[in-house]
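Labels for the chains are A, B and C, by order of writing; each one numbers its residues from 1.
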Amino acid sequence: MKLSFPLVAIGLEVSMIVLFGFFVKYETEHNPVQQQYGTNATKADKFLELHPLFQDVHVMILVGFGFLMTFLKKYGFSSVGINLLIAALGLQWGTFIQGILHNKGQTIYIGIKNIINADFSTATVLISFGAVLGKISPVQMLIMTILEIAVFAGNEYVVGEIFQASDIGASMTIHAFGAYFGLAVAGVLYQSGLRRQNEKEESVYHSDLFAMIGTLFLWIFWPSFNSAIAETTEQQYLAIVNTYFSLVACVLTAYAVSSLVGKRGKLDMVHIQNASLAGGVAVGTCADMKIHPYGAMIIGSTAGIVSVLGFKFLTPCLTDKLRIHDTCGVHNLHGLPGVIGGLASIVAIELGASKASTRTTMLMQAAALGSSLGTAIVGGLITGLILRFIVCVQPSMEFFFDDSAYWEVPKREEGDNE
Amino acid sequence: MKLSFPLVAIGLEVSMIVLFGFFVKYETEHNPVQQQYGTNATKADKFLELHPLFQDVHVMILVGFGFLMTFLKKYGFSSVGINLLIAALGLQWGTFIQGILHNKGQTIYIGIKNIINADFSTATVLISFGAVLGKISPVQMLIMTILEIAVFAGNEYVVGEIFQASDIGASMTIHAFGAYFGLAVAGVLYQSGLRRQNEKEESVYHSDLFAMIGTLFLWIFWPSFNSAIAETTEQQYLAIVNTYFSLVACVLTAYAVSSLVGKRGKLDMVHIQNASLAGGVAVGTCADMKIHPYGAMIIGSTAGIVSVLGFKFLTPCLTDKLRIHDTCGVHNLHGLPGVIGGLASIVAIELGASKASTRTTMLMQAAALGSSLGTAIVGGLITGLILRFIVCVQPSMEFFFDDSAYWEVPKREEGDNE
Amino acid sequence: MKLSFPLVAIGLEVSMIVLFGFFVKYETEHNPVQQQYGTNATKADKFLELHPLFQDVHVMILVGFGFLMTFLKKYGFSSVGINLLIAALGLQWGTFIQGILHNKGQTIYIGIKNIINADFSTATVLISFGAVLGKISPVQMLIMTILEIAVFAGNEYVVGEIFQASDIGASMTIHAFGAYFGLAVAGVLYQSGLRRQNEKEESVYHSDLFAMIGTLFLWIFWPSFNSAIAETTEQQYLAIVNTYFSLVACVLTAYAVSSLVGKRGKLDMVHIQNASLAGGVAVGTCADMKIHPYGAMIIGSTAGIVSVLGFKFLTPCLTDKLRIHDTCGVHNLHGLPGVIGGLASIVAIELGASKASTRTTMLMQAAALGSSLGTAIVGGLITGLILRFIVCVQPSMEFFFDDSAYWEVPKREEGDNE
């Protein structure tokens, strides 16, 4: 760590400044021929109109994802700290790479959609971060951020521009993509010791409460996430209402199934922290379609059930059989519900719920789902190989799930498990 | 818990889906005769205009109430977890029952006011939850949510539609109602062991800090709560400004009196966490009236004083004399300040501060206060009896204030009191 | 504490109510000659338009500043509790004193700008609070709030009205001012024992996580802080975008330098909690100028580097050589970056980035910086002397950094360092 991390971080920041110097301008500088002041004012007005939705998403990225991962007893500094570091890099790189792709290499004029999309690309990396949490170094995460956002932007371009598929809440392009990308990386970085019970891979009472801060802010602002880039206010309305009702339904089924599969009917904090959110993921793709409020509730209920069952039965199996260790269980919160989201959109279109304003077809939705999964797995495998054999600054197994590998940690005394 | 909880939760969710399938549609589907697109866009615009205020209220419900109750050292999982569960059910049931009442059984078209009102009905249950916190099972809370919201909606209908009373911030219909309903339930569920000092009914250092997260988000967003359903933008303005100044005044008097009644002048965290918010409750009913900023400050100052004195002198007395054990002291934060709010509105109207746009009279305000208190107490007693003798899955006394009754709790070692 | 604190707090609140009774009215009461309803509606509309930005700032003041200071292991109650107390007084007094100054002693009509500016004046005191944290009594803080806001309002009047200087994000008038005022007070209140290692002046694992709640909410909403009082929507747009990109760049350099100067390359939580925010401070003054996104990133990168170096090398030196003990290191988060902000605005104007709509000149910017620093230091010294020799209720050294001086603190058992 001594020199590699500072050099990589400074090098990346200098690169970003250079790229921005050449390619990025203010939205209000666009179209310099048109002189009237009104135009710029209008652009700025549009910016401010969507600003509250953007801020909601921003809270999700920094506080939501950051604190959701603080459940580990000795890895809270890294969870919330590396989360901020990834976000800071991802917001710059995502702004650039998505802008370049959509503008065919021309100057990028920063508007509200650009910074919302940069938050989205960052969310993708943070989902993958959950799969490799505690087993990867900060330098590896910086490199992974660069690689994953590039692949993400490519897939998103294919899905949106070529397939013209509909994925407003990004169940496929962010959630499923981020989960399977992360799982692929986790598979490559796998070490056999992960199969053994690791005392550090547990929570303590207060770390579980910190994680609930993340859960709640994600839950509250998820409707903003799913509606932020809607094209019309009506679609925005639909996306908010559908997400809201999918989430509330999901909570009831997640709690019910958590109790059902628990010892003596007890609830498990891991399920509550994560599966309560699965409804937000699963309704994403068809959030702006007229699926009816009860349709959204059916999607949410299903996601809550599947997510808890995934945590209980699938995650242990992934580690033991497939040698994929998924620290936060992102497969259950983002992977499976993301796939459900894609499939739900196919069903919704079949049932006639598609939007008037788009040419979305079942075939293109299926292609989008396939592309997201395929690109994620291939991209994740290649990224994993690069991280394992080229970047090669992975922490040794004894420092897995332990802040003291990369942080000055305050002395602990007797009560260090509380 | 083994089967009753999952069955009740799943059963309720299935019921909600069925009810929504029959009765709930999108606002944009309303009035299908009118074909022009503009109408739907306008409705969606209105929705988005109030969306930031709604989100503020939503943060209060989930993060504010949820974390405010985490002060107990061994009951944080339940506080924040059951809070989310109640909210998820309440938001669905509240949307339905309020919609049905106001639409005389016709189809409900979901607009922003519907989901704000659903949050309000949920707030009422969460206030009552504070009175019975630690002494009630999840199944009982689900049943209580259904019953209380039904009674709440009935009283709100009477107050608003029949009495035409003014109660924009709902001091009477939410705060006083929720407090006295909860106290009535707590009275019925009372067990004599509660009079003894219970080591679990205490906070630890960090649990008090978690509770402050709740306090602060409630404090910050209270102006949005009191103004969210204002009819005109001018009333919205008044409600925000009045609430803001009532809250700031309340903090100073609450701190002063907490120190005054404390040992050697010391401040008590229970007072700070709760009484700092009493100004938001007490100004609720007349928040949209022209009571002048200094009038709001007088109301807030009074509420801060009364609330701290309530915690110090009244709460112990309630337990010992009336056999009503109020875990969070909701009587001091919501009960007394709610009554002050109702009385303040009568004084304000007498002094000529009523709103131009309503026919609010002193008599109707008094009727509203009486109705809210009466309905709450009778409804709470009946609900308590149902919970005690029909639902009958109350935890045994040794599991009071203890997460381990319903949650898998991480192992604690020596330092489990920190 | 026994009587002095309650008397001072009640006395101040009564004074505020009297002052507001005589001087403060609703904005909608303004210009009573003009009778049409439309005018009031328009004012209320404008209020609501900026309300989301105000709420963001409000979250920063209460949650951001409050939790940022909870890093000390035994001083969390005071950090977040006294923060709320200061805010409650400051919001009232700031509204009054700024209003009186700008209206030449005439009636103040409360609009959105008034309450945003009151939050700003409060922020200034909270910055100074960071310098004296743990070494000052609540009574002293109340008096300091009154004195500092008066001096702040005077300097802000000079900078804005007389020099016509530009300082939208208030790098000079809030951040540099608050830091140097606080350092001056800390210098006067210095006690030689502070030079020794104090076991209480440390964090524990979870207190550092609580502090990150503060950091993240400050980081997320800083763009709203820097843009809230912009005159045009275009300037608001610029302020948001520039602040956003300054902050992201700052994070990368702060992390890099923290690792570079750390033992074996380890990151230090103090740097991460504070220096990650320096970019928001430093870009403040020129946030609404056309400095280009890459220009904002250069300012942010520089601030991140300077801030960490300040924590590492300057803060120990201040204590040892200048006998100024800066508990939170506000010199590194607000002082130095604030000065950088002022200097950056001079460079930006020299390079032609000034705003079309103002008459800002390099000379006036320099005068503003000089005035802010000079007024802060002189005002802080006088305030410090008043606090030390007239108010004289400072805690004794053994109660420094210890909540138990002013709070009922829950019993701790073995694990009290966790």
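Here is the rule we go by: contacts are C-beta pairs under 8 Å (C-beta built on N, C-alpha and C of every residue); 3 or more make two chains touch, one makes a residue touch a chain.
Predicted model, so just to flag it, every value in this text is computed and none were measured.
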> Same or different for chain A and chain C, where same means more than half of the interface numbers show up on both copies?
Replying inline: different
> How many degrees of rotation map chain A onto its copy chain B on CA atoms, rounded to the nearest 5?
Replying inline: 120
>> Quick check: how many Å separate the C-alpha centres of chain A and chain C?
In response: 33
> Where does chain C touch two or more other chains at once, residue-wise?
Replying inline: 52, 206, 213, 413-418
>> Looking at the complex, which residues from chain B come into contact with chain A?
In response: 1-3, 5-7, 9-10, 12-13, 16-18, 20-21, 24-29, 40-41, 43-45, 47-48, 51-52, 55, 58-59, 62-63, 66-67, 70, 76-77, 80-81, 84-85, 87-89, 91-92, 110, 115, 138, 206, 210, 213, 406-418
> So in the complex, which bits of chain B are touching chain C?
Replying inline: 52-53, 56, 73, 202-206, 208-209, 212-213, 216-217, 219-221, 224, 232-234, 236-238, 240-241, 244-245, 247-253, 255-257, 259-260, 262-269, 272, 276, 290, 292-294, 297-298, 301, 413-418
